[in-house]
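A, B and C label the chains in the order they appear, each numbered from 1.
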Amino acid sequence: MTSFSNALQHYARLFYRYLRLSIVENLQFPLDFLMSFVDLLFQTGELALFWWSLFKLGIIVGKWSGDELLLFLTISIFSDVISRFARGFRDLEFHLLDGSFDQFLVRPLHPIMGYILSQTNFFGGLLSLILASSSLIYLLASGRVVLHHALIGFAVMIIGTCAFQLLYGLVSLLAFWFGKIYMAREILFSFADAKKYPLDVFPKTILGFFTYVVPLSLMITIPTKILLGTYQNPIRYFILALGLFVIFIVIFKVVLQHALRRYESTGS
Amino acid sequence: MPTITLNDVSKNYKQKSKTVEALVNLDFTADPGEIIGLVGPNGAGKSTFVKLLCGILTPTFGKISVLGWQPDRNRHLLTQNIGVMFGNRSSLWFNIPAIESVYLMRDIYQIDQTLFKERLNKYSHILEVSDILQKPVREMSLGQRIRIELLVTILHQPKILILDEPTLGLDIVSKNHFRSILVELARVEQTTVILTTHDIQDVAKICDRIVLINHGKKLLDSTKTDFQAMISQQAVIQVRREENTSDLTAQPFLREENPEWYKFVLPNASKTEFLTQLMACQSDLQIQVLRPELEDILYDFFQ
Amino acid sequence: MSKYCRTFLLSIKNIHLFKLDFYLSFIAIPIQILVTYFFWRRLNLSESSRLITVNSLLIYYFVMGILQISFGSAMYVTYELWQEINQGTIITWLNRPIYYPLYVFAQKIAQFLMNFLASLVITFTVFWFVGYHFAIITFLIGILSSLLGFLLLFQIQFIIGTLTFWLKKVIVLRDTIMSLLFLLGGFVLPIDLTPQIIQRLSFFTPTPYIYYLPTKILSGQTTDLNLPMLLCVQLFWVMLLQAILMLAWHYGSHDHVTQGA
């Protein structure tokens, strides 16, 4: 228990350290600082524009009202904050191919944790978090939505997003065997494109696929519906998200063990 | 007690249908405070050797023990006790002051605050980097950058320091400075230093032992004293090239030639006979007999 | 000119290295189209104020996906130029008797043409398979517009890359401009389906002329009447951005070339 709490403290300190490094680095370049914020607004604007356009056209998206879709959009930004930690997986194959992954194997850290932390854009995450929180505060303060089961809703969003990102991580680990896995990742991303839509408008079979196999619905759609009070018994989604998360983490751990034995540290 | 032991270690890589032997039946030991120079041509197996020590790679056969642990099985435990620096790969944050990278390493290695302050003062003074810690890494010269790399590698006082081509690209002054720091670490802190390098001067100036690897095999493992003996058994003869100097390229023991001189490396015992042979060829040759350098001895092993 | 032709040919010879990645990238399109289909087919499109059909949307997103893959080579121009300038390796090109922007363009256009050719074959096959009819002349104009669209993307990326001479980091700036391009360039929805204000706003920028206009033409969704005017505006943007590119390159490479060297 003590060693677990020590490890937790260690990673919390590192989290703070990387956050600080990211902020200091962004402050070195004032234009980047400004642009990061503008970039985030544009990215969020894309989704907002999509829904705004549909409403202007009089298109109704399932049973979703405008305010509910705004909450959906807000939750998607929160989910994106967590997803940012997994973005390092994108370049894992390059670090494996040129051997620069070595440096994460010679430090007293879990190699994947060390790698992920070093690759995360904490500053961008912080901006996203500020934007998502502001949007949520606005929605609540203006009375446009009332939150139900907030704790469970946010827990499902966090765990569901982590579960999906673990799946992404699992696909990325294939790089230890196959070197370049760009296409496998692209295929997963093509599925992930669906997360921008409320997935309950999809046919049941597809929704099932996006809940139990590629858990996209647990990232935004189901958490938003929990927060809107749609479900009588939201705890079952929490258990489902947790179950999938545990399954993915066990698989990830086993695959990683084998993967590290395959590592050939080429490039030097 | 040795800090590192390798018994009959081999490492094979599979490349498509064929197997490449990167290291073959290697035996090796290293003691605390020893500085060991690992030399060999490109592709000899030096990096594989270093990566096996760190636990990055798993040996195909044989046993490795580093500080009593099997590296590939106990990599996490080992990392706290070793310091690894890859000369061509930076672990510093490029755009921000170097001190931020130093703090990061403090948190990664969980160094106690008081100890950290002490060591930072001590090492930044020795490495002469106190004044540049607030400078962004991108604004530093290569020499300054390498010194900061070394600082973040030794802050947790590793028992073993593994340096892969650390002096690559450094000028003479920076190299000398860097070497003296390594010697101090080995002598004062009893750190075992493993140094892979292509710079023979690194080895000649600071290493207690030289290990030469080629084609994955250990061809030479010799202490400085043994080496001195080897050097004393060899001689270097240099013949100055004038307009009227005969062509000596057909002579035995020829190592190098350029427009200014011919260089011959030969056993000491053959020296007199060879000199007579040269004089017989042309009596007014300008000949210099020199003490061999390390690279003169290692040359044959590199072939 | 022969040096640029040689660069063009070398680039084509080099393409086989990335051929597999290129062909495999088409696998992603059917999945995206399926996801789009499942979303749109459940919506009340017939009751909306505009004439939108699921089929027209699917064709639109399909062609957009094809163009994105074909334009891929231009997406790395900023990054590569930023690296060349910051690492100082740009000097090796400035010391040679070439005009560097044209040298880079020769490489990128070669990759684009090869990718676009393969993409057109796939597009024809899919259109034939689904029984989608199109006029050959419209298709030819679509190819011309795609070429201009690629040129615009190249110019924008190159101009941002050139800014490295003045700013040390341009990658976030590039990402921001690309996000704006995605926002106003018809990626989210065809621009004519977005609110009036967005339509007006986007037509004051070069963004709709990169992907949107070629997509609309190739998918046969523009009226013949406004085509010449739209192509003229596209050409105007190409000329304006070319002038900016040449000016930026001239001043950057002459006054600030020491950075990183």
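Some notes on this structure:
To be clear about the criterion, a residue touches a chain if its C-beta (ideal position, glycine included) is under 8 Å from a C-beta of that chain, and two chains touch if they have at least 3 such contacts.
Quantities reported herein were computed from a predicted structural model and do not represent experimental measurements.
Among the other chains, the CA centroid farthest from that of chain B is the one of C. With centres taken as mean CA coordinates, the chain nearest to the overall protein centre is A. Centre-to-centre separation of chain A and chain B, using mean CA positions: 44 Å. Inter-chain centre distance (chain B to chain C, centres taken as mean C-alpha positions): 50 Å. Chain geometry summary: the mean Cα position of chain A and that of chain C are 28 Å apart.
Across the assembly, chain A contributes 29 as residues in contact with two or more other chains.
Under the contact definition stated at the top, the residues of chain B that touch 2 or more other chains are 95.
Shared interface positions of chain C, i.e. residues touching 2 or more other chains, are given as 169. Taken in their complex, chain A has these residues touching chain C: 29, 31-32, 35-36, 38-39, 42-43, 45-47, 49-50, 52-54, 56-62, 180, 182-183, 186-187, 189-191, 193-194, 197, 201-203, 206.
Across the complex, chain C meets chain A through its residues 21, 24-25, 27-29, 31-32, 35, 38-39, 42-45, 47-50, 52, 167-169, 172-173, 175-176, 179-180, 182-183, 187-189, 193-195, 198. On the side of chain A, the complex with chain B involves touching residues 10, 13-14, 17-18, 20-21, 24-25, 28-29, 100, 102-103, 105-110, 114, 261, 263-265, 268. Chain B makes touch with chain A in their complex at residues 13, 47, 51, 54-58, 72, 75-76, 79-80, 82, 84, 86, 88-89, 91, 93, 95-97, 100, 103-104, 107-110, 136, 164.
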